[in-house]
């Protein structure tokens, strides 16, 4: 039998039965990065301070995407998320960092919601800037921290605190 | 004025006017990677051959996500995509490569559709395997090739041909 | 710091954390109006009695829209609504009144769901009748009544009872 | 007054108020069939064993459709489904059977979710095979079993156990 | 190689490339049936004439579902449908017939859109009436007629004209 | 027969057949207002200049809603919109004006897309500010200008030019 819980004993994909799981506080923190040319990074920085707020649009996209997760990820359970924060941090000369935190009081974790939020925020940054830089790369999208639920907490080693 | 076309002269986000752009054949190829433990990679490989087809589910998710792009990316134009392929390639001991190719005959490029397809395929792989490996990382999501449209072709340097 | 709870201390939009809010009975009642030519109002009235049921279609649209609220309103929480009613009342010679009532047993209010339901019902009436009257105006969409939840009840002054 | 609970005393459609219903374990099992030419059935069978996995795609589509039910069925309540299984069984020479089981711990039954899952799985099979067989027929979509909730259990008579 | 065009030579599902297909007028007609108790059929008939319009709600659901087809059927192409009609016919004592006609001027057929429209109209009828009759069966969903496109016309033999 | 084109001769709702309509440039301009307390208007004004950008979020919501129009308005045709602009104008002491312009090169007008964009932008403003002001009113949502298409141009009389 597969160790992958999203398959049954025959190897058929399924939405795992979580009917009996407990409702608890759950939080997931995900981080990712968009690497770009220094000139593009500067354009975004200027926008955040003055006109053309790339990060404001990407934040909205990420928050809305967290809510769309069960429509995108086939075996993901629908879940009532109760809070989402998306933050950005400039890491000059050529990198923008993204952090997404998602919370719920439900029966299953919100890693996928946080991963989806950060991915779509990154994709939106690509979209907003692709007229000037098509070689941007989305990288290092990873779960940094997860708490709540039966499978226990997860804390990725070697991560630095997020400070602005 | 901003060089970022998704903003107007005042810095307000907008969906760029493409009414007068020509309908032409357009193709975009995007690649990305999921890095995981060797044990997880083996589980996926076994599944593809026998039971528990992670990649089959991720392929469907990626194709459907390509169609959802304008609902996820705020300034993306709706577009009639006319073809999508998602491929996977094992790069042992710890990496899975993903390639997405999207085509259209429409007025705007399909980079965002291909980037979204590959991102959601990667997220689905994470979801299907997270019970055994929460430290997987999604990385190196990048436009490899783009043709068609006024802004000209794009070919990322240094990419190797995709062979299975 | 902003008094607008949908922003954090830095002014970044967020989905407010409601993890610790209590699940209680909550109801919201919203009303709105569509002003049109007397001839258009008559057409709709005839339809309701005989053929071409504009209001039946608008009612379905409004109920479905209540369920789409978190996909439309960026910072709105997903919520399990537990009941929706949409009613219409003719106010001749030139006005149609709409009332939407939405209920939930969840952690956050349903004002946005009721406002969205009434707005989309009004938009649908416009759509169904625009072939004969493009100058219709949607107006006076307002929260009339709200109960349940920590922020207390709200009752708009000066509203008349809804009677048919 | 109508016996159809989705209408009020005036005959207007509504989403029935379930605010006060209890959250209990609920399960629904639905079955359906796709009738096709024996050659098409053989193509699907070969695919399941080797390449071109029609049923794998249809299973993903069915599971995702279960989650879309409230967006498709106007008066259906949003509900947090907690598990979905879709199975297929070959009934040669010309029939494929589909079974969908949906679970929840919520306030209303999941018959509609299971019916929708099986219907969309059947539609997907049609789509994947229509290049070789346009005369396939979807038939006998029916609730087989339902438990949980105030309205009591339902067990369709004359159904055989599902064995592969 | 598979004869199923939705798979490539390796058996991987794909959205078939239709970039070079011509835009032509295309029409698809689908029919299906809901079998129910005579008492339920009478309830629906009375509603159509007086109060509680089951068929009006089902018609709206079917038309909206036609537009959702590419979000439900994984390999279906997005397509601009240009017209939808849903009709119902009572076949007493225990059957309701549904007909859906979908049109487009696009690059691919609209069979799936018409099949989806009729299926969702049938599911909605089940939903509206399930409080009085859980043993209803959806059956005989079939393509009756298709015209336009390279693959030629299709006319199912033995179908009677649709007359009310 | 009804003059309302969204119904057939029997009074059944339908998506009107536009297969033979010509693809032309079409533009629609819609305006609307949100009336609020002077204190709330000031809060929004400060945000636009410093922190907490209510209008930035509402603009994104309005643009995305334009793309969702056919999923919200039952009889609306899917259409490829090719440009969207949402603008805001302060009309102190207590009013915020919204203008939405939507363009397409398709077969049907984009009034509904522009009306939906402005409505959802207004609803989002309500959502972002409802913690401080629940008595805001959405009003005067109206088509101001429409060009392109067989039914001819429409220009609402008495409208002033939009100047900031």
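The letters A, B, C, D, E and F name the chains in turn, as written, and every chain counts its residues from 1.
Heads up, the rule we're going with is that a residue touches a chain if its C-beta (ideal position, glycine included) is under 8 Å from a C-beta of that chain, and two chains touch if they have at least 3 such contacts.
If you want to know which protein each chain is, UniProt gives these names: A, B, C, D, E, F = Cyclic pyranopterin monophosphate synthase.
What you see is a predicted model; the values in this text were computed from it and never measured.
Annotation of chain D and chain E: jointly contacted by B, C, touch as defined at the top. The interface holding more C-beta pairs in contact, when E-F is weighed against C-F, is C-F.
Same interface as D-E, judged by over half of the contact pairs sharing residue numbers, among the pairs C-F, A-D or B-F: C-F. One finds 32 Å separating the Cα centroids of chain B and chain E. Chain centres here are Cα averages; for chain A and chain B they lie 16 Å apart. Between the Cα centres of chain B and chain C there is a gap of 38 Å.
In chain B, the residues that reach two or more other chains under the touch definition are 10, 13, 53, 56-57, 60-61, 64, 68, 71, 74-75, 80.
By the definition of touch given earlier, these chain pairs are in contact: A-B, A-C, A-D, A-F, B-D, B-E, B-F, C-D, C-E, C-F, D-E, E-F. Here chain F touches chain E in the complex through residues 8, 10, 12-21, 70-71, 74-75, 77-80, 106-107, going by the rule given at the top.
Residues 25, 56, 59-60, 63-64, 66-68, 80-87, 103-105, 164 of chain D are the ones touching chain A in the complex. By the touch criterion stated above, chain D contacts chain E in their complex at residues 2-7, 10-11, 13, 32, 43, 47, 50-54, 56-57, 60-61, 64-65, 68, 71-76, 111-112, 115-116, 119-120, 122-124, 126-132, 134-143, 146, 151, 154, 156.
Partner chain A is touched in their complex by these residues of chain F: 53, 56-57, 60-61, 64.
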